[in-house]
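One structure follows; several queries about it will come next.
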Amino acid sequence: MSRRRRRLTPGKILALGFQYLTLIVASLLVLMPLWSLIISSFKPAREYLDTDRITPPRNWFNLSNYIEAIWPEQANGITIGSAFYNTGFILVFSLLFLILLGSSAAFVIDRFRFRGRGLILGAWAVVVAVPGILTPVSTFQVLKLLGLANSKWALIVLYCGVDIVSILIFVQFLKSISTEIDDSARIEGANYFQIFFRLILPMLTPAIATVVILRTVGIYNDFVTPYLYVPQQQEATVSMMLYNMAGFNSGTSQAVLLAAIVLVILPTVIGFFILQRYIYAGITNGSVKG
Amino acid sequence: MTFDAKFQRRLTIFVFLIVPVTMLVVFNIYPILQLFWISLTDFNSINWARAKFVGLRNFVDLFTFDRDLLVPMTRSLYYLGSSLVQLVLATWFAVVLNQKLPASRLFRTILFLPFVLNAVAAGLIFRYFLELNGAANDILQLFFGPDFKVTWLDSSEPYSNFSLAAASVWRYLGFNLVVTFGALQSIPQDQYDAARLEGANQWQMFWRITFPTIRLVLFLQFMLSVVGSLEVFEVPMLITRGAGETSTFAITMLEAGFQNRRAGTAAAMAVFMLAIVVIIFGVTRLITRGRSAVRNPL
Amino acid sequence: MSFLKLEHVSKSFGNFKALDDVSFEAPAGAFVVLLGPSGCGKSTLLRLITGLTEDHDGEIHIKDRNVTDLDPKDRKVAMVFQSYALYPHLSVRKNISFGMEINRMPRAERERRVAEAARALQLEPLLDRVPAQLSGGQRQRVAIGRCLVREPDLFLFDEPLSNLDAKLRHETRVELKHLHQRLKATTVYVTHDQHEAMTLATQVVLMKDGKIVQMATPTELYARPVNRFAATFIGSPAINLIKGELGADGRFKGAGLDVALPQGVLEVAPSARPAELGLRSENARIARDGDAHQTIEVDYVEPTGADLYVNGKAEGQDIVVRVENTARIKSGDKLPIRWQLDQALVFDAASGDRI
């Protein structure tokens, strides 16, 4: 709907004003909890107890809570550093496997027609429909059987398992890569492995980027999977660390906990501002699966 | 001809699919099957050897003795209701922002922000906001006096579910906004221009051009939120630990399975929920068959 | 001894018969053009020759080898695709040497061949660029370079000019012709553009619905098409087909014409039947002093600089003639024409075959 500066009737101004009002109110409601979080994280213990939750701190540069969060005086469960390490470890390996397995599977699905293709795709679709929250009883048994229970590898394996959205992203992108490339390489003598690794995979870079961004956000923010399968301290991810810190028998003071929360959301917020466009694009395309 | 093209093709297909398919079977199909099996036993979560086959007893109990276990399902209604509100709001904002007014980008960023936050962080942030001496009450005190306090999160009171539902809206509104916005973007400006030449006003343009196009996307989002509210877990778990009146079906099921060691019952609950979800998806499929709002890449 | 030989090749996709008993031969150094409308099977045939499409009846021989059961990489063929299929993330140099790398050719040999191809195709300044930085014509040269370094027995082209604009198409066609003259490489070229076929081919294989309609040199195809389809497909503007009657006396009557057909026009002895007289637009001239065969009512004229194409009707049938642009003709005029009847082609009205 194009803007017309000529006919700005009172009715139009009213309508526009109302729209902006709703936007502003909504934005304030969204930002209020975040504001409260941030200002409280900068207040040292005394000030924290004395003030309410909406006035800014006296000193914006007071990092005492943050320091306490990163280097706690008493060992109090896992440190933030270890949690970030665990999460990072899981992220790196999950993404690696995800990209490798997902792109190669997508390649085969898109380029070849074979018996069982429909069956596999059907099975994938069905499995995706099952909410992950319903199967922990049995999934945990399987993990136990494989000796993976309570380790980072349990999460890695689960994250790179059935990711139909990533595969769909790859398949969709593959459709834009002409099969003449495959044909040309075949005439030149390449086998399919060479075609995939030397030609197709490098050409998939934009799709890989999208998958990396979406899955990083997904894995980093995930709570349910670590909660169900890797709840204990040593292998804690960032999610579980926060969860335990906020637990009833945790010794962490509230302000320090808030500082920890800020630290945890900082990477995603920064990443979000930089990569906004890709995240929106990924979600809009990812909802194709509907 | 052993290494010819046909063989090579088969080999490639096999090698590239063996791992994903194995994982599919091991971590998805098998657990689901085992779930069905467990639901027919009295497995106590620890000793598989002592588990006895009990047929459909778990299911029968679910609707008789253990009827209490199903009560938390009612909480899902709060979330369902809030999802509807969420969708309407998201559509409203998507339409408003689609007009490319100044600062559209900024608003979209702000509204979407809670969605990219870590789940635990988001839950804790909102819990902190609604605590007795939290910012929400502080703000209200500015208007209603220094002793005004609302107990937003009293898990012994059913109304706290509204607070939790609000948390859910806070977190997921941005998602619906972006998806609906994406759908709106696919409508070419020409259609609106043509309508305007014919004298249509904003309201008419919405109902005759915008709505029919995004109708399907909205419907799909709605179905997703129906399933989502049935299996809601994160928000209540993180904010009130699912205590008392804020418990949900999923929370109760996990409790039964892991804390109360009644894996058979828990599995039966899971199967029950699964059946409902399957029916919902089936209905969705039926309604949307033939009409594609988006291309299916497969 | 023929270099390329196809014997009774047939291919079906499910119920659809794409190729029906196709056989032809070509000597070494030939430029064979597979010509035909969309869906005639020419691309399928090309893919069968490369080995990209498998499972067909019949045999294919390249340079005395029976390649019917061989994989593409064993057939010693090279192909330029419609979209050139250059590898976008590799430099020109790497694009050209990709095949050699795959086949583990020693580096020295690889570099030598790349340098040679680059020289032959004037690609030297572009060797380190990426396909995205090249123009359409440059990309095509890279694609050809990729073929050259394989030193194949057979070169194959799949409608390579269809992605280019008209001017570039002309220039590239000329380049291709030069290349062929220089390299004397046996080539199979697929196109639907009869103009390309006429200018490039040493022999044309005209196809329709999976069958070969006619195989001949371009001139032969133009002058002696075997049936109506061949006659109308070749030549632009399309040949005029005048419907009428052929008499047992060798006279043709139709659209205002009543003429005796000269010796040599008919292949067989005339017999009375409905027929179509084929006359190309350049076989006409404006009649003088009453020697007109026919009068045309002018519909509209198309000046093309040097010539003037007059579109009109004679007794309801459309006719196009080409005259010099100096003539002043306008819509509505009545134009008397005289035909070069010894260039005429006569077709049986029912079967379409040339008589």
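A, B and C label the chains in the order they appear, each numbered from 1.
The definition used in the following text is that a residue touches a chain if its C-beta (ideal position, glycine included) is under 8 Å from a C-beta of that chain, and two chains touch if they have at least 3 such contacts.
All figures in this text were calculated on a predicted structure; none of them were measured in a lab.
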Centre-most chain, if every chain is reduced to its averaged C-alpha atoms: A
Farthest-lying chain, centroid of Cα atoms versus that of subunit B: C
Of A-C and A-B, pair with higher C-beta contact tally: A-B
Averaged-CA centre spacing for the pair subunit C and subunit B, given as whole angstrom: 61
Euclidean distance of C-alpha centroids - subunit A vs subunit B, Å: 16
For subunit A paired with subunit C, centre-to-centre distance based on mean C-alpha positions, whole Å: 57
Shared-contact residues (touching 2 or more other chains) in subunit A: 186
Per-residue overlap in subunit C, given as positions that touch at least 2 other chains: 51, 71-72
Subunit B, residues touching no fewer than two other chains: 5
Of subunit A, residues touching subunit B in the complex: 1-3, 15-16, 19-20, 22-23, 26-27, 29-37, 40, 52-54, 101-102, 104-105, 107-109, 112, 114, 120-121, 123-124, 127, 129-131, 133-139, 141-142, 157-158, 160-162, 168, 171-172, 175, 186, 191-193, 196, 217, 220-224, 227-228, 238-240, 242-243, 246, 254, 257-258, 261, 264-265, 268-269, 272-273, 276, 279-280, 283-284, 287-288, 290
Subunit A residues within the subunit C interface of the complex: 178, 180-181, 183-190, 194, 198-199, 202-203
Touching residues on subunit B, where the partner in the complex is subunit A: 5, 8-13, 15-17, 19-21, 23-24, 26-32, 34-35, 38, 45, 48, 89, 92-93, 96-101, 107, 109-114, 116-121, 123-126, 128-129, 133-136, 138-139, 141, 170, 173, 175, 178-179, 181-183, 189, 192-193, 202, 205, 217, 220, 224, 227, 231, 233-234, 237-238, 250, 253-254, 257-258, 263, 266-267, 270, 273-274, 277-278, 281, 293-298
Contacting residues of subunit C [partner subunit B, same complex]: 51, 54, 69, 71-72
Complex contacts: residues of subunit B adjacent to subunit C: 1, 4-6
